[in-house]
Structure formats: C-alpha cells, structure tokens
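Structures given as structure tokens follow.
Shared between the two complexes below is chain A, which has chain B as its partner in the first and chain C in the second.
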Partner chain A sequence: MFSYLVRRILNLIPLLLGVILVFFLLFNFVGGQESFLYNVLPAKSHTVEQIAYYKHKYGLDKPLIEQYFDLVRQVATFDFGRSESTKQKITTLIARHVPNSAILTFPAFAMEIIIALIIASLAAFYRGSLLDKSLTFLSVVGMSISMLVLIILGQTLLAYEWKLFPISGWENGPGAIRYLLLPWLLWVLVAVGYDVRFFRTALVEEGEKDYVRTARAKGVPERRIIFRHILKNAMIPVLTYVVIQIPFLLTGSILLERFFSIPGIGDLMVSAIFSYDLPVLKAVVLVYTLFFVGFTLVTDVLYALVDPRVRLN
Partner chain B sequence: MKNLFRATAAVVLAIFALASCAGGGDASKKVLNRSSIAKIKSFDPANLTDLYTTTVAGDVLEGLYEYKYLADSYELQPLLAEGLPTVSADGLTYTIKVRKDAFYYDGTKTIFKDGKGRAVVAGDFVYSIKRLADPAVESGGWWLFDGSLKGLNEWAEAAKTSGKADYSAEIEGVKALDDQTLQLTLTKPYPQIQYTLAMSFTFATPHEWVESGEDWANTMVGAGPYYLDAEQTIPQSKYVLVKNPAWHGQKYPTEAGAVAKQMGIDKAATQDLPFVNTVVYNIIEETNPRWLKTLSGELDLGGIPKDNFKDAVDADGALIGEPAAKGMTLQKVPNSEVTYYFFNWEDPILGAPAGEKGKKIRQAMSLAWSTEKYIEVFDNGRAKPSHTVIPEGFGGYDPDYKNPYKAYDVEKAKALLAEAGYPEGKGLPVIKFEHTGSAALDRQTGEFFAKYMSEIGVKIEDVYNDWPGFMKKVDKHQAQMGGLAWGADYPDAQNFLQLLYSKNAAPGPNSANYSNPEFDKLYEQASVMQPGAERDALYSQAALIAVEDAPWIVERARITFALNQSWVKNYRYRDIGSGYSKYIDIDLAAKEKALAAK
Partner chain C sequence: MVHRKPWQLAVSRLSSNKGAMVSFFIIVGYILMALLPFVDFVGLKTSATLFNDETLKNTFAPFTLEHPFGTDHVGRDVFARAVMGTQVSLFLGFASGLMLIPIAIVIGAISGYYGGWIDEVAGYLMSVIVAIPGMLIILTLVQFGGRSFVMIAIAFAITGWVGLARVVRATFLQAREYEYVLAARALGASDFRIIFFHILPNVFHFVIITFVLNFVEVIKSEVFLAFIGLSVANIPSWGTMIDLSKQEVIAGNWQNLAGATVFMWVFLAALNIFGDGLRDALDPKLRNKS
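Up next, the complex of A and B:
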C-alpha cells in the first residue's frame, strides 16, 4: 500500500506541471498577461516608463521559460504575492474566502443529497407508479430551471415580497446562518432534480440484480431487501459521486455568492476576472487544481484500500 | 409518522422565524445604510483610485480641504486646515496652517492603544505627498504632482536609483515649517494644486499607521468623523463605521446656494455634525438585490438600475410606481464628466496629415451623429448632450453655446464630406471604430453609430476589444477612432482641457493625440492662472478651437438619478469629493412610521 501511495504522489508531479503549463500558455497566448499589465497601469494617465516598470515588476520582460518556472515556484511555495487590485496577501485572501464557500456549499450539499436520496428511494420503490412518474417529471423540471432565474425569483418573492428571508447579506460567525437559508434552499432546488434521477437509476439497477431476485424468492421481507441490500449496495456509486463533488463544493457557487453578497472563493474569482487581477486569478485557478488533484488522490487511495486489485494495476 | 411530521414542521417554522427576524438593533441610535456596488480595495490613501473605496475612506480620513456641501458649485473650504492657503505673489508658494484640534483615532486600538492618538501635524501631509512620489508605493495619484513641486521628482528619482525612499530627506517643495505650517513650493504656477489637497491622495496619513504591519491598508487610522474597528478589516461584505469620539467637530453649514435652498437641505444650519452614529456600507455588486433592498427600506440611499428605470421614472423624469408610493426623493444630477468619440490626430485619413480634408470628414461625422437619439435609446434619457470639452458648472462653460457640429444635419454633413473629396462617402476608406468592450451594449452602440454614419456614406468597421486591448492600441497611437469618458478629478476646466494638450498625447490622457499650437498656447497660459473671469475666458477660447478642429465628437454628460428614502434628511448627491455622510440625518420616527406602513 505504501509503495502504491508513493507511486500515486509521484505521478501527481508531472500532472501538476502539465496543468501549470496549460494555465501558463493560456494566460500568455490568449491575452491574460497583456490585459493584466494594462489594468495595473494608473487608469487616468500612464507613461512609457510605467509600462516598462510593471513589465519588469511582474517578470513579464523575462524569457517565457523563466516565467514558467517562476509560476512553478509560486505553486511549490504557495506564495502568490499580493493582489494587484486590493494589495492584500493572496494566501490570506484565499484562506478567508474558502471557509465562507464551504459554509455555503457543504450544508446545502448534505441537505440536498439526503432529500435526493429520500425522493429517489420513493421513486425507485414505487417504480412505474404515478408517484414515480410525478417525481421524475418534477426532477426534470427542477433541472431545467436555471439558477439565475431561481435566485431572482427567490430574492423577489420569498425575500422581498413575503419577507421569509433576508434579501442578501453576510455576517461573520453564526449570524451568517440567517443569510444562508435562502441560498441553501435554492441550491437544493437546483441540484436535487439531477441527483434524484442519478440515485434513482442506481437504486433501480441494484434492485434488478440477481441477488435481489434470490432474496425475494427466499421470502426475505421487502423492507429488509430495500434497506439492508439494495440501499446499502447502491451507496457505492452514490458515495463515489459525493467524493467527486467535494472539490466543487470548496470552490463555491459563483452565482449564489455574487447575488447574496457571500464573500466566498467563487466571488473572489469573479472579482479577479473583472478587475484583471492576474495574481489572484492565477492563485485561485491553481488552488482549484490542487483541490481536484488532492481529492482524486484521496479517492484513488480509498479505492485501493477497498479493492486490492487497484494497487496491482 | 405523525411525530416526524410535527418535528419537520417545527424545524421549518423555526427556520422561517430565524430567517425573518429583522436586524433591528438599538432604535435610539441613528444608522445610515448605504451600499457600494463594488468591493472595497485598499485603504492606502496614495492608492484611493476607485470611487467606491474612496467614498468609504472619505468618512474616516480627512484632508486639508473639502468642498462646500451646500454651495451651487464646487468651492473649497478648510477641513484640517485653518483657512485657505496663502499664495505668494508669484503663485509659486502655498502656505497652509493646520488646525491644532485634530487628532487621529485608531479604532483597532493597535497603533494608538486608547483609540485617540496624537494630533495631526503638517509633517503628516509632507509624508502623504512623499508617499505619492515613492516608486515603491505605485501611487495612482502621482500624476497630479509629477513635476509640480520643487525637488520632489529628484527625490523620487533618488528613491528609484537607491531602491529605497528616504523619508527623512528634506525636499524644498514640500516642507513642514513647524507642526502647524505646511509650505509647498512649486516649480511653476499650478493653481489646481489646492484641489489636490482636497483629494483622497493627500488625506492626512500618520506614518505610525503605514508602519504598523504589512496589512496596514486593510483598515484606517484617520482624523475624520467616523472610525473602523478591528472587526472591519478588508475584505468584508459590509463595513460598519462608528462615530469618532475624538473628532474635531464641525457645524452644519449656514451658507446655502440656490440649489440647496430649493432642495430644502439648508434647514439644519449650525447643528453639530455628524448626525448619525453609524454608517454602514453594504457591498452589493448585483443590481437585483440592491434594488430590492432600496425598495424594502434596508438601504437609505440608492440608485435606479437600468432594467427597473421604466417602472420607477416616467417620461418627464418624475418618480412613479413603488418608489413614488413610498415617498422616496429623486435627485437628477449631471455628472462632472464628458464622454467623447476621438479621432486619431495622426491618422492619414482622419487626422492632421489629411489637413483640411480630414477636418471636414471629422466635422461631417460629428454632424451626422445624433447624441440626443443615443441618449434616448441607450441612456433612458439619463444624460445631457455636451457641446464642448468643458462640463457644466466649470469655469469657461457657456450654457448658451451650441456646438455647430452637433446639430445633427445630414445634408450639411454630406456637403462637408463632398468638400473633403468624398461625395456620399465614395472613395473614403472604411473607418475602424475601436470599442472598449465587447458586451451587448458595445455592439449595440457600434451598430447604432455605423447606422448614422451610413446616412452620409461613411462606412464603419466596429472593432470590439477588452479594455486593456483597447488601451494598448490607444497607447501605440493605433486606434483610428474610439470612445472614452473622463470624470472630473477636481472642479477646474484644466482637468478636461488637458485631454487635448499635445504634451499629454497617449499614453498620456490625450488619447486623440491632438496637437494644435494655438490650443496649447492658450492651455499653457490659462492653466497657470489663478481662478477668475480672465482665466475662464481663455478656457472658453481653447475649447472653441477644439470644437472647430473636431478631434472629438463631443458626446454627453450622464445624469445620476439618486434616490433616498422619505426619512433621510439633508442628502445631496455630489460627484466630486468625499466625506459627505456626516451631513446626512435620519428621522427615526419617520422611518419607523414608514416601515410600519409597509
């Protein structure tokens, strides 16, 4: 197991270098660095000397290969410098924004998964019935409505007209919960449809397996078949799905964070894009990458623990 | 099952109860709820370049001067200074006395442990100005002082060479003669310097604040009417400013101009400022929640989003719908700005190399364009056509003057084009119009302009850039024509006329690279004169030269539609200067009544 772990970690190095290279090429050849340069120059008046100064300051006058290794060094040391727009330390900015995204997304995700599982179980259990068809229909409807529409409806109807929630806002600490209720609700509404369909399929597939038929033939009670066998075994794809979602959760929900003034990492990224704050954008994208790569590693290791054949491959 | 249902219902009810309980707070305290449509950046005074951060900072930090709140035009009055500057006969030396009763207040209590700190001294302004020149600070305000003060550029050059600025070095042009006396010595007359002393870049900056740690600019230590406590460091979703107990104090002004009298905001004369104990800046970047919060009364001041304009304002510009029903007040204030389409003066077809022909093409294009129609279609009527480079209310502005090339006269435009040798546009190459963005509005604007030009046979090729891409072309003198805007930094027409001064050609602010020795001469003569009728006449003359040369199609000044709730008193929208929250009052009883009625 140890050698497998070492092998997997070593495999990450070329992967990360490749990701950094793609990022570097995109930002150099699709216009990022020039845009950044013209954004940091004083807006009202600038000089040729200032252009040269900023080029030098950000190493844009160095050969490309040197610029690439500068970027690798930044990732390796996790030192991205300061935001050009706000002058704040980027690692501090990320450290302050990631927890806010997590507070928004993790509870919403957990609630949504539980609700989706309950609905999917009902639909699977009553497969083919009116209830199943209705739930499937509602799931498709839920999947079809965009988050933006729901946000505007939610803020206008539920918050402004009916005063059930605050329109938007944020407080540090437990006070944040009041402002998170509506975003959580909207998250659940948007995500539940897709997950119900996914979980229902998993449950139905599991329910059609030979061992279930055997259990039924042997007269095992239906409740026991569902809860002890079908649900338990169907959890394998469900759990895989959940683990894969975790990096996405840490990266927040851009629309919810923007509309509800939640200072999360998604909001930080959008602000960095709007203000051409390349150092922040660079750091956020690379942190996203690290999340994904990290969780992929965790998933692989877990698989290897469960199934020794993975290690041999 | 029943129990499960009851438990679920209880949880849901609890959630709704939790969600709907209002923030409330102590009703005996007056809170002014404002919004900021963009994130707050750095509170470093030398880099207060964006309007939103400057607005927040202006309530905490103070400079030597500020603008009179109730005057019709923008007139300076002392703030941390005891009086207006004493100017030497040659206009080169400015002596300013700093008031003795102003103290810094540190809400974080880390620099000044008791909150109240030391007195503001003249040396703090020397420090502020030196910071603007320090290359390591990368100040966005340096251009205002570049080359203006004796020895300052040399000091900056030495800092660049040595890699470290020497703040202990004495500079001839920026001196503290004693704790209360600041002396500025200029390299040449620069009367606009007095306005720079009302700008955020020169706010009093205690060196202890800057030296307090690498994240010092995440909070503020100022001498203004409000302070930020330790909880309010950048980044936040809202910034809560609390009344400064150590503030030097100020009275509501007694002198009011006609506009202020008409608005009825001249009634609080001699009352102590500030009126409200707390000012809250909520960062709300999306228009929908901002608008809903304005309608719900959560925000005391607000604006009208473009998408909601027709529901809030009628064709005559009066409030209608929900804002009117809720008794809100609307102010319509033309911005101190000019928007314009520039022609590259170096272009062989449109610019100086084409001589009279180029001039006639530019004039023809100006005549063929209807700013009025643009304002109607794209601004919901929220703009006023401009006729010269000088905005309304500035010295040199003539309210009766009508630019002859802004008359929208297609026949006359065609005639001019024919005189230029391009009848019906025949033979005239396609003109590239560079846009600053590629959003729907940019594309619609591009098509709209091209449609008008097609009426005289001028073909336009729209080129959509992002802002940096656009600026790069402008800097390299490669933009044949493009659109830009300029907002006033200070209330002096020189701030606008400099956009056409040949020595300011791109990458300076003269994006058209316009060059006319006659204009330059007038600009150089007028810009060093003290304010007065003689100077204003020269400004006017220079502006008229630019009208005739037509390096720009002068466009418009947008109008800000500012809303306030019925319970807000003394609010006046000002687009130059900051620190105006101290004048605004909240009628708590009226607020309670109005909110209860909803």
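Up next, the complex of A and C:
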C-alpha cells in the first residue's frame, strides 16, 4: 500500500509539469504575453522604454526556459504574487473565493443527486410504463435546453416578475442563503436530466442480473429486491459517477456566479480573462488543476484500499 | 433466414425506432435550412442582417405571421436570424467533429496497437489535457488567437478528442491479441491495413455517436462563449441572440430569446434522441436495455 501511494504521488510530478507547460505554451505562442502587456498598461505607457520596463518586471525578457521554471517555482511554493488589477495577494484572493463557490455547488449537487436518484428509481421500477416514458422524455427536454436560457428565464420570471427570490446579490455568512436559493434551484434543473438517464441505465442494468432473477424466483418481496438488492449494488457505478464530478464543484459555475453576483472562483476567472489579469488567471488554472489531480489521487487511493487488485497495476 | 449485413441490421433497427426517425428528419431539415441563406431564399439573408431607417421604425415587433418571432432591437426579422444561426451551429459541429475524430482515432489507435513507450506518451498527453479545465483552453485560444468560428472549432477539437481516443485505445489494446488480427498478420497484412481495415470497424459505431453528440456539446458551448463575449461580431448565431436577450426580457421583449431557444431546443432534442437511437441500433450489447 505504501509503495503504491509513493508511486502515485511521484506520478503527479510529470503531470503537473506537463500542465504548466501547456499553459505556458498557450500564453506564449498564441500571443498572450504581448497583448497582456498592451491591455494591462494605460495607453500612455505604451512607449518602448515602458514596455521594456514591464517586460523586465514580469520576467518576460528572460529566456523561455527560465520563464517556464519561474512558473514551476510559483506553483511549488504556492506564491503567485499579486493581482494586476486589484493588487491583492492572489493566494488570499483564491482562499476567499473558493468557499463561496463550494457553498454554491455542494448543496445544489447533493440535492440534485438525491432528486435524480429518486426519479431514476421510479423510472426503472416502472420500466416501459407511461411514467417511465414521460420521465425519460422530460430528461431529454431538460438536457436540450441551454443553461443560459434557464438562468435568464429564472431570473426574469421567478425573481423579477414574481419576486420570489432576490434578483442577485451576496452577503457573507448565513445571510447568503437567501441569494443562493434560486441558483441552487437552477443548478438542479440543469443537471438533473443527465443524471436521471445515467442512473436509470445503471439501475436497469443491475436489475437484469442473474442474482435478481434468483431473488425473484425464491419469492423475495419486490420492495426488498429493489432496496436491498438492486439499489445497493447499483450504488457502485452511481458513486463512481458522483465522485468524478466533485473536483469540478470547487470551480463553481461560471454562469451562475456571473448572473447572481456570487463572488466565487468562476467569477474570479472570468474577471481575470476580461481584465487580462494574467497572474490571477495563471493561479486559478493551476489551483484548479491541483484540485483535480489531488482529488483523483485521493479517490484512487481509496479504491486501492477497498480493492487490493488495483495496487498491482 | 436471409443473411443480412450488420449495417443492414442496424438500419432496420433504427428505422423501427419512431422517435429516432422523426429526429433524423428534423436534423435533415436543419441541414437543408442551413443551406437556405446561400441561395438567399425569399430575401432571408437580407431580412436577417439588413437594418435601415425603414426597419428602425419597427423594432421589437410582436409575433405575427409576417415576423413569426417578431423583430429585434433594430427591426431585423428574428426568425430569419434564427435560421441564419443554424449555419453557425452546423459549421461548428461539423468542423470540430471532423477535426476531433481523426485526432482521436490516430492517437487512440496507434497507442493501443503499438503499446510500449508510444502508449506511455499518448497516455501522458491525454491526462495532461484532461487535467486542465477545457473551457479555459477554449477561452484562451479564442480570446488571444482570434475571434473566428474556425478558431472556436479548433479549440473544441483540441479539448474534445480525449474521450473518444480512450475508447479507441482500449479497443485496440484488446483487439491486437485476437485471432483475427494474428491471422491477418500471418497473411502478411501491413500494420496500416490491420489498424484501419481490420480493427477500426469495431469502434466505428462509437465514432458516429461521438460525432452526433459532439454537436450538442458544441452548440451549448457556443451560447456560453457568446455570453462571455467571445462570439464573432455581426454574424447571427443562437448564442449571440440569447446573450442579447438577457437585457431585453426585463423590458418584456422576448423575441430573441424565444426565437433562438425554440430553434436550438428542437435541434438539440432531435440530436439527443437520434444519438440514443443510434447507440441502441449500433451497439448490440446495449440492446433491450432502454
């Protein structure tokens, strides 16, 4: 087990170096660095000397290989410097935005998974019936609508016309719940269609296995078969599916955060793109990658704990 | 019983699926619709793009027979604009799909077939691309690389090939051990022939399904890009229409939102249902599951 853990952690190093390289290439060769300088600096400082001064300040005059290792060092020490537009420390900025994204996405995600599981169980239990067909149809309807349309409709009708929710806003502490209700509702509506379909397939597949037929043949009551046999075993694909999505929750939802003025990390990222705030953008991407990679590692290790066969590969 | 080829079986399975057939004809309808602006049918292109003193008197017109979805803030016909938007969506879907599939097939096939260090490198490349938020690569490429639909399609292709490549790789990894591949090799078939004529047909159904469902992803992402402000100016697309409508609906002007949403929703629902039908028809393992 220990050697497996060490091997997995060592494997992360080339992966992170690769991610940093892709990021580096993206910004150097697609032309990001130059336009970054021209957009960040006020027009009157577009003189040759000023540009040269700032190039030096950001280390853009060094050889490329040195710039790359500067980036690697920033990630390793978790020191990304200060934001170009607000001059705040980037680590503080990120530490402040991540919890807001998490509070937006985690409760919504949990609610949505429970609702999707209930709907999928109904559809799978009454498989082939009118109920099943209409539920499946409704999930396709939900999957085919754009999230942006749902947000516009929700904000205009539910918040503006009918005044059921505040239109947008934010306050720290428990007061935030007032502003989060509508985004949570919209999140559930957007995601539930996909998940119902996935869970239904998982349940139907499980229900066709031989042991279920055996249970039925020996006269186990149908309700017991559903809850004790099928649902319990179908939890394996369902949980895998749920776990995969967790790292994406930390980055929040860019659309919801922008529309409802929630100061989360998605919002930070888009503001950074708009204001050409390269240091912040860099930090957000790399932090996201760290989340993703770290979480994958944790789940893999947990799998290895549960299933010894994994360790051998 | 008369012997039937696998694709004949698939076609007959697909044609007995009513929902999938209706969706298929809807998709064909959209493709034909996208061709309409080229012939400028009944002045469609003109009423979608032109505005002048005359049209400015008739802004935000209500839904009538003459303007099924009304007119927009400068008096252009919203229905005509939605038809024009079909072009953008189809272009993005086809272009990104046609780029993504060859990349996925070549990388997946080569890494699965040869294994060894080639496989290691390809696997490394895939995990690096997956670890970076895809939307960020797309935003960066479009923001800094130029705002054109070609660039958007390239960005989608760069971020979208990994899923298909992994399936192709897994199939090749298994298939290279099978007897039919050994037999082909014993008969002196080249690697190229074995990869493309013997093993590749096994994943063909997956390629088609990926191609169809890629449209759904790309069309939805185009709306997102338009919202972020990264769409192409002066070309009507569903994304820019929905983006414009976010300021208009508060004042009760639903034209743009209604037009773009109806066009987009029908198309995406048809693609989703047709994609499901294809999966059921082409993948024998999944039959009777739905």
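Operating definition for what follows: the second predicted complex is superposed on the first by the 309 of 313 C-alpha atoms of A that agree within 3 Å, B and C clash if a C-alpha of one lies under 4 Å from a C-alpha of the other, contacts with A are read in each partner's own complex, and residues count from 1 in each chain.
The criterion applied here is as follows: a contact is a pair of C-beta atoms (placed from the backbone, for glycine too) under 8 Å apart; a residue touches a chain by one contact, two chains touch by 3 or more.
Predicted model, so just to flag it, every value in this text is computed and none were measured.
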item: Contacts of A:289 with chain B and chain C, given as first, second, both or neither; value: second
item: Partner chain in contact with A:72 - chain B first, chain C second, else both or neither; value: neither
item: Which superposed partner A:160 touches (first chain B, second chain C, both, neither); value: both
item: First, second, both or neither for A:152, with chain B first and chain C second; value: both
item: First, second, both or neither for A:243, with chain B first and chain C second; value: neither
item: Touching partner for A:168 - first (chain B), second (chain C), both, neither; value: first
item: Touched partner set for A:115, first chain B, second chain C, both or neither; value: neither
item: First, second, both or neither for A:86, with chain B first and chain C second; value: first
item: Contacts of A:178 with chain B and chain C, given as first, second, both or neither; value: first
item: Residues of chain A that lie at the interface with chain B and also at the interface with chain C; value: 31, 35, 152, 156, 160, 258
item: Residues of chain B touching chain A in the complex; value: 15-16, 18-21, 39, 41-42, 44, 47, 49, 135, 140, 142-143, 214-215, 217-218, 231, 234-238, 282-286, 288-289, 292-293, 295-296, 298, 466-469, 471-472, 475, 486, 489, 504, 507-509
item: Sites on chain C touched by chain A in the complex; value: 124-125, 127-129, 131-133, 135-137, 139-141, 143-145, 216, 220, 223-224, 227-229, 242-243, 245-246, 249-250, 257, 261, 264-265, 268-269, 271-273, 289-290
item: Footprint of chain B on chain A - complex, ascending; value: 31, 34-39, 41-48, 51, 53, 85-89, 92-93, 96-97, 151-152, 155-156, 159-160, 163-172, 177-178, 181-182, 258-263, 271, 276
item: Residues on chain A engaged by chain C in the complex (per definition of touch); value: 14-15, 18-19, 21-23, 26-27, 30-32, 35, 136, 140-141, 143-149, 152-153, 156, 160, 201, 204-205, 208, 251, 254-255, 258, 269-270, 273-274, 285, 288-289, 292-293
